[in-house]
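What follows is subunit A paired twice: with subunit B in the first complex and subunit C in the second.
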Partner chain A sequence: MGLRRFVLRRLVEIVVIFFVIMTVLFVLFRLAPGDPVARMVDPSMTPEDARLLMESMGLDQPLWTQYLYYLKNVATGNLGISFHYGEPVSRILMNRLPNTILLFTTAIVLSALLGVFLGKIAAWRREERIDTLMTIGALFCNTLFLPWLALIMIWFFAYWVGWFPITGMISPQVWIDPSAGPIRKTLDVLHHMALPLMTLIVTHFGSYLLVMRSSMLDTLKDDYIITARAKGLDEKTIRDHHAAPNAALPVVTSVGLSLAFSINGGALTETVFSWPGIGRELVFSVSHSDYPLAQAAFLLIAIVVLMANLVVDVLYAYLDPRIRY
Partner chain B sequence: MVGWNRFHRLAALLLMVLGLGACQEFDRSDVLRIGLAEEPRTLNVWLAGDVNSRKVLSLIYQPLYVYDPETMDLVPWLAAAMPEYDPRTLSYTVRLRPARWSDGTPFTSQDVAFTAHLIQTFKVPRYASSWSFIDRVQTPDPHTVIFYLQQPMATFLTGTMVTPIVQHKEWSVIAEQAQATEKPLTALLNHRMQHPVGTGPFTLEQWRKGAFVHLKRNPHFFGTGQTINGQVLGPFFEELVYSVFGTSDVAILALKKGSIDMFWWHVQPGYMDDLDRHERIQLFTNEKSALYFMGFNLRQPPFNDVVLRRAVAHLIDKDFIVSRVLQGQGGKMFSVVPAENVFWCCTDLPRYGDGMSRESRYSVAYQLLAEAGYTWAVPPLDAAGNLQPAREIRLPDGRPMARFTILTPPADYDPHRAISGLMIQEWLRELGMPAFSRPMAFSSLLQQVKDNHDFDAFILGYGRLRLDPEYVRNLFHSANDQPRGWNMSGYRNPVFDELADRSISEMDPLERRELVFEMQRLIARDLPFIPIYNPHVVEAVRRDRFEGWVEMLEGIGNIWSLCLVKPVARHGT
Partner chain C sequence: MPEAPQPSRKRGNTCDQPDGKHRLHWVARFVDGWRVYRKNTIGRIGIMLLGLFALMALASFIPPWVDPMYHPMTGVDPHISHSTGPSLRHWLGTDFIGRDIFSQLLAGARIAFMVGISSALISIFLGTTIGMVAGYAGRTTDVVLMRLADMIMVMPTLLVVLILAALFGQLNIWVIVLMIALFRWPGVARVIRSQTLSLRHRPFVEAARVAGASHLRILFRHILPHVMPLALLYMTFRVTSAIIIEAALAFLGFGDPGTVSWGMMLQWVWKTGHMFQAPYWLLPPGICISLITMAFYMTGRAMDDVLDPRLRSEETKA
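== the complex of A and B ==
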């Protein structure tokens, strides 16, 4: 089977999977208890008010009609209007997506760099005290409860020491100041990003460190490392230029997948740090039965993950022709 | 060497970022900074149903009348005086105050008439029922509006007249565009408002989604420098910034640090000692217009028996719930109308179990049930009249009482209701009842209770009830005993229905009050709901920044406060 045919087959599969995901999402939200209007009304409102609200959201239609509208809308690129915001959900998500990508992509890349760097050292100095310390430290950090750590970070660095803003992504005082230029605004975002970034790095780098350490230990047993030593190369060169690049491959795979999943944000991180990302919207939309917003958010995640899988599959097929058959 | 240079560059960048913290103190005395627990969802006044959107919109769009903070009577706001009622023509005449919209154009009776027309044409949810009985609106001159009613309707003043008025010039275009669509109402509700034009004390400057809402003082606000309700109104500061905080913990830290001047959300009891000790923070405690209650399913045994419901009412120790569960931050309730709603709350109602000792409450409950034919394998009182753990209560027909559940919201949604459910479970078990408190997701609870009527008992609450007691009618009228109807308990009483129907069309407030009192007496007698508590609202502000907060029902976050607070440093100058 040629590469083109392989890609076409995968594309067809992805379209089918996407359709299944769309349907499952639609059904799941309708099966969930409660309706979107239940939490918007109070006894001061008449049943007529509640009926009008249902009507305005299109929830008075039979389920199959709603489903057909939903399919038609998705097919035409219209993801619907949020019940609560009254805005197209695509606009809401596009507004939030860059914030999530900025924070989580940076966090994953920096965590991976730190993890690879420390994992390399730990493996190189295996069974020494520094290896034990790093391994235990990585396990400890990896199991920290993120909201707790986030609150401690805020209390210490933002409230007690006062180095960082307490939460949020931007400071009103900077953004309402007409004299504030792009540099000041960029620095303001970086300033707000520092604490959530530090928190994410602390809780994420450990897993990369452990993967890198394990991979590096395997790599160090390979023949080409012995050959490198036999050639008389110095230890630093062997470690950094021969062993580490090969050992880092599993970390790269892990980072790739993490990046794909990072668009769902971290609801906990975004909530505690008041970071206006996708994760917070996802939680809000599910808890408030905002069907269009929740469906669109999950669809977005599905699309990115499916695309990431496609890219990986195509790359593998390109590199290893046996996979195409 | 290269490594060191890289390190230096990184360190310099870090220092620069850290340095921003020192140079970004935001303490301009003419800017009030308010923390919100959630972001406002919309600036479309017809869509806004969430409390945070209303906190912004209530400063932009204004009604004809607002509530007096002390008496809770209506006072003229955009109106110049109280309306004149003509029973012969069933009409109200309202004279308007000279006012301007924030874009400088004059506010006239055309705007009021247009608002009425828009609500009626589109049947705008939340407002349509308050305007459905208006036959027509006349505007004899730019400062006079006459509302003709189809039938007498008691909620005209408290419902219709507190509706926000929108600008004809701005909304007629939007309405026209919406009418041209397939779904006009949906198009109207989903219209994106970017620069709403209002008559309120503030106007929108910018809204950074997910971060803050920035308002500026409206130079055309009709109240500035005027004496309304005995107060000379401001606003006395130039700008208002709402910031969003994901959790209360972080908002409280921001308040303590001085990053915000007020946290416009209820402060939980756990924070109060800490905040109380802070010399620059002031706490305000106020009543709410709320109702937290235990409801029963009257459609099926065992709670179709009023005697059993009265026995349960005796067993609920409201003092314990208020003092321990709410930690003193609330009051006991005996009517479905909060006691703080002074005009409408009936006070001569039975207070089941109130002020009784534990022994007395159990003794009375036991006697009530025993007289009605209930029996026990082991009764709650021994031969000497001492309390003992009861076992296996039996219904009057001799069958053992089946296990029943008390549905509550989960503790992470509302710990007070969840713990109250557990306490009530234990009190009922002591009388031999097989009670089981069951926390469940709020949406599931609503579906089970309101939609499916599949429950025995539940604990729910309404945190922001309107002051008009129309909701008493909605909650217990037999016409609302239907899936998704408000009569969740299935209470059916023709006498109550008749009183409720009369109350809604009684135009004399004193006469209507008598009817509403009688409705409350019936509910207190038949107990489809047992009112339990009304929590206080506790709010925190920085005392070193602004002063002059106006306390009223629902707290200090209100239009009066924002028209009257002054920066501390400028006060008296």
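== the complex of A and C ==
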């Protein structure tokens, strides 16, 4: 009944799902046309290195032994060496992971907050001009094609007006400069993050706004809102303290449901803005046939999606005490 | 048009009548739905936009027929070998090797419809069938199918197709359509399943069972008509997601090299570094993708209003 048991159950489910994804990926990598060994071992490696790598991945063993090796390697994070970078993929991806999490979480949280805030107002003043405007605006933003918006953002804000850097995450001159303190470095990252963040927020807040609006409209019909009115509470208190918190719950669900979609968007944003994250690494590795990197990046993204789902579920259970699994 | 006499037919639970009247009843319901739909401004705009894009798709056959240099893929203007701005000869200018952007834009509409509708049809077919079977059969079948749906639902479709592109090389446009469909059914299946669950023990289903109807007959003759409107509604949303995923895939450079889609056009602008110099090339494809998505989405939302009486009553509130 308790939250802890619920989390444990979800964790077990997540492990099972991950196991399935991992297995499917293993099968696909062996099934696809071409030589599976060439897919994991860089053809330009010296024979000795290649042999060592093959042994550590069990590539000379029968298939089911390979699978056991593969499980062990995934568990220990030994997923091969990137063809392009010539480094262990786990090291590359662990470098990229914080960047992705930083951009992604900030974007999701901010767009959900913005959606809740605007949706609340739209529902409160339903069918007035401001409501129509917001609904249409949300619809419009929601359907903008993300990569295109990203290009437009760069074109306008970075090239035309020149407020923000065109791509990347840091300016090397700031980070090389020994006199630059942590504040200057943080500001530099924020400066680079502004455009990708804006792109993600603009394309995401719309659906949350619409969910919030319709949920708020439902909530406003509830008895306890009438009670609050009867008590003589002022409108703002009713809106912000009585209706909005309850109405915001479906937004949390919708964040969870749209996570997979947001991850797609995240990968596209990272790619266009050259934000050094996992999504960009995946796109890069696929277009450069860097198979070990692609495989590991995909697995890592799967873990990120699953964990984010768990976080949303727990958040929901925490926010709504009526939910007990 | 003959109208069914029941006043409550909009709610969609009036099928407990002899089989023969089904078709008439369908027509009546459609006419009725259209009447409500027509009043919806958002829906009207959506339909109008879709009509416009359909015209574009049809018109895409004209330019190559006028002059082979207007062919979106292979036609190159013999006098131009770089990107030029709009002119009388090329209404939206030319791309980096002198192909006409306007005819590419028209061809893109055709591809978008093709990808969107065929992929949506497949995923709706899969989703409806799986959802109905899961809801109707219950027990282990239900659990297994829904777990599978959950698992697929958490996967980001675009990235899954990317990985497949990495493994299997350049993907054909139909393979892309199929891939998108295979990963987009779970949402539909969930909705259809819950609808089926609520229908399963309705008197008319029980009656059919007592009368000796087979499971298949109950599913397709008695339950399907009730979940069909919902499936159609979801189809509009699936069309948008298929178009977006294909466009994104093409944008990243993994589209079918034999087709010109809007995503592909954006990729050309971006990759050939014309982003800052050629707004006449950067703007149209993006506007088209966004607008067609919006059109389908608006149509879907308006249909939702038609199907959901609860929302409709909101219009008539004091």
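To be clear about the criterion, the second predicted complex is superposed on the first by the 229 of 325 C-alpha atoms of A that agree within 3 Å, B and C clash if a C-alpha of one lies under 4 Å from a C-alpha of the other, contacts with A are read in each partner's own complex, and residues count from 1 in each chain.
The rule is simple: a residue touches a chain if its C-beta (ideal position, glycine included) is under 8 Å from a C-beta of that chain, and two chains touch if they have at least 3 such contacts.
These numbers were taken from a predicted model, which means no experiment stands behind them.
Legend: residue contacts after superposition of the two complexes on their common chain; A:W148 is shown touching subunit C, with no touch to subunit B.
In the superposition on chain A, A:H84 contacts subunit B only, with no contact to subunit C. Of the two partner chains, subunit C is the only one touched by A:F261; subunit B is not.
Shared-chain residue A:G137: touches no atom of subunit B or subunit C.
Measured by the number of subunit A residues touched, the leading partner among subunit B and subunit C is B.
Shared-chain residue A:E55: touches subunit B; no touch with subunit C.
When the shared chain is aligned, subunit C comes close enough to touch A:L306, but subunit B does not.
Contacts of A:S289 after superposition on the shared chain: both subunit B and subunit C are touched.
By the document's definition of touching, of the two partners only subunit B reaches A:A38; subunit C does not.
Once chain A of one complex is fitted onto chain A of the other, the partner contacts of A:Y159 extend to both subunit B and subunit C. Counting contacts as defined above, subunit A residues 32-33, 151, 154-155, 159, 271-272, 289 meet subunit B in one complex and subunit C in the other. Of all residues in subunit B, only 16-18, 20-21, 24, 26, 33, 39, 41-42, 44, 47, 49-50, 123-126, 128-129, 132, 183, 185-186, 189-192, 205-206, 208-212, 214, 239, 241, 243-247, 249-250, 253-254, 256-257, 259, 441-444, 446-448, 450-451, 462, 464-466, 468, 470-471, 474-475, 480, 484-486 touch subunit A in the complex they form. If you check the complex, the residues on subunit A that touch subunit B are 32-35, 38-40, 42-50, 52-53, 55-58, 81, 84-87, 95-96, 99, 151, 154-155, 158-159, 162-176, 187-188, 190-191, 194, 270-277, 280, 289. Partner subunit A is touched in their complex by these residues of subunit C: 42, 150-151, 153-159, 162-169, 240, 244-245, 247-248, 251-254, 263, 266, 269-270, 275-276, 279, 282, 285-286, 289-291, 293-294, 297-298, 301, 314.
Considering their complex, residues 17, 20-21, 25, 28-29, 32-33, 139-140, 142-149, 151-152, 154-155, 159, 217, 257, 259-261, 263-264, 267-268, 271-272, 279, 282-283, 285-287, 289, 291, 294-295, 298, 301-302, 305-306, 309 of subunit A touch subunit C.
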